[in-house]
Amino acid sequence: MGFPRVYFKEDNDGLPPLLATCQRRVRFEEVDALGMVWHGRYPSYFEDGRIAFGDTFGLQYLGFRDNKIMAPIVQMHFDYHAPLRFDEVMTINTTLHWCEALRLNYSYEILGPDRAMACSGYTVQLFTDEMVGLLLVAPQFIEDFRQRWRAGEMGP
Amino acid sequence: MGFPRVYFKEDNDGLPPLLATCQRRVRFEEVDALGMVWHGRYPSYFEDGRIAFGDTFGLQYLGFRDNKIMAPIVQMHFDYHAPLRFDEVMTINTTLHWCEALRLNYSYEILGPDRAMACSGYTVQLFTDEMVGLLLVAPQFIEDFRQRWRAGEMGP
Amino acid sequence: MGFPRVYFKEDNDGLPPLLATCQRRVRFEEVDALGMVWHGRYPSYFEDGRIAFGDTFGLQYLGFRDNKIMAPIVQMHFDYHAPLRFDEVMTINTTLHWCEALRLNYSYEILGPDRAMACSGYTVQLFTDEMVGLLLVAPQFIEDFRQRWRAGEMGP
Amino acid sequence: MGFPRVYFKEDNDGLPPLLATCQRRVRFEEVDALGMVWHGRYPSYFEDGRIAFGDTFGLQYLGFRDNKIMAPIVQMHFDYHAPLRFDEVMTINTTLHWCEALRLNYSYEILGPDRAMACSGYTVQLFTDEMVGLLLVAPQFIEDFRQRWRAGEMGP
């Protein structure tokens, strides 16, 4: 399927994307009858990537919960390049791309033990709360996060 | 491993246990690298059994929710007799055993397409609510259910 | 996120796409802490759609296995429109789109109990075998399937 | 439900049981609509425990595979003591108990972040190969493992 794509046009005012990395080992239960990780396990791998991102850059789920904000995934995409197998250790690279609009645009690269690309993809999240529904203005803790990014305090 | 066991002593005042049956087809994602259903999928099969039981005898989860009662599983047991494979249709027999104490004692038999026993086991559930914690006296909708059972209105 | 998209340009020589429909009931284990089906369960829903498609049009997984052909998913995409909740019955519409190249282009629509769109998306599968790797020429049982489609024997 | 039980009578000729420990963090997808880890996720936690045990004491799944030996789980049991919640880090203690008969008797304790018991249980595995079926005599790599245990080379 060729190389991983550029999933987001860099609408970034020159702001660098933010990258977090984590690792995960393939469980026996994740492998299918053909000996390869079943394609439907990868949403969990992307989720591990977002958790690692939140840990690294201070954007945890519990922050959302305490502010009664939700960030539902409205779009998710996978390009599968090569299979992962039982007990292999993958590297999950998770990148947040700057976006003027109020949304979270993450792209992902999952590398196998040989550092070859196993899977790439992206997710898009919007912000909602129970009262208003879809949010068009950033809640304070998100605005703070964006300010720090703009200020270059989270650059590479 | 021999025959399925009797999991609950019949503490039943002569009350017949209640039996509900449903079917389920093995999904590709449930099968492991050895071509057999991974042992850790069976909690889902037992749960399908309880849902079918609730549908048959009027003991639905949403009834619990509306009464703000929970029935957490405090014990779960599996005896595996023979493997299930992709695309096989299993039969799940779910039996509720009378118990004077306030708990739900379910036993389960999962039969393969040849009607041979694939798995048997049991679960035990207690009743709790957020205020009191563990309930020792039955909430009304459970007492109603027990009354109908005692009255023979749900016998075979 | 607007209306479901057209995921495949109709490269179809006037051949009608093929549609199969099935239903599935949301399990308790599929729902997250927010009371909604977790976004990562939907690959299983799409897989149910493909199984129903195979049952309807004679394109079963076991046919692939007997011919030692695999059809790995190389691309999968989801657009989430509205949440599904516990115990709701969804309708899964699965459509195969004609493609001159040797691949399976499926699109999906998942409708909630109110018939509103909950999720749409697509998958792309290629054909491989263990000897050759990627197949460029259709194996016989796939060619037969395509012939019947071309001959209008599987039209609406 | 009281204290964790002794699941295996110590049929051990004075041999000490072997204990391995690992940790795991609760994923969002593992939590149910009530905010607690769904009871059916725990087979995966026990499996992590066995993997950690194999890493620690040299009894890896791939050793089984290379010897064409399988060790299917024939019995699995859970006692649930207290719920785990999203993002909590659990400790999984996995103990192998000596048994003269050819089987693997593991018991498990899962502790929450407060070190309180969340879940305990056990699994029983037999040995099979494709030719003979159930094995009554230990294959060499298992006999080696037992010899080292008997020789006290894996004691605490």
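Per-chain numbering from 1; labels A, B, C and D assigned in written order.
Just so it is clear, a contact is a pair of C-beta atoms (placed from the backbone, for glycine too) under 8 Å apart; a residue touches a chain by one contact, two chains touch by 3 or more.
The shown structure was predicted, so the numbers you read here are calculated from the model rather than taken from an experiment.
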A-D compared against A-C, more contacting pairs: A-C
Chain at maximum distance from subunit C, centres defined as averaged CA atoms: D
Chain centre separation in whole Å, for subunit D relative to subunit A (CA means): 33
Length of the line joining the C-alpha centres of subunit A and subunit C, rounded to whole Å: 25
Overlap residues in subunit A, where contacts from two or more other chains coincide: 28-29, 40, 44, 47, 86
In the complex, subunit B residues that touch subunit A: 28-29, 31-33, 35, 38, 40, 86
Subunit C to subunit B touching residues, read off their complex: 27-29, 44, 47-48, 51, 61-62, 86-87
Touching residues (chain side subunit B, partner subunit D) in the complex: 1, 34, 36, 39-40, 43-44, 47, 70, 72-80, 83
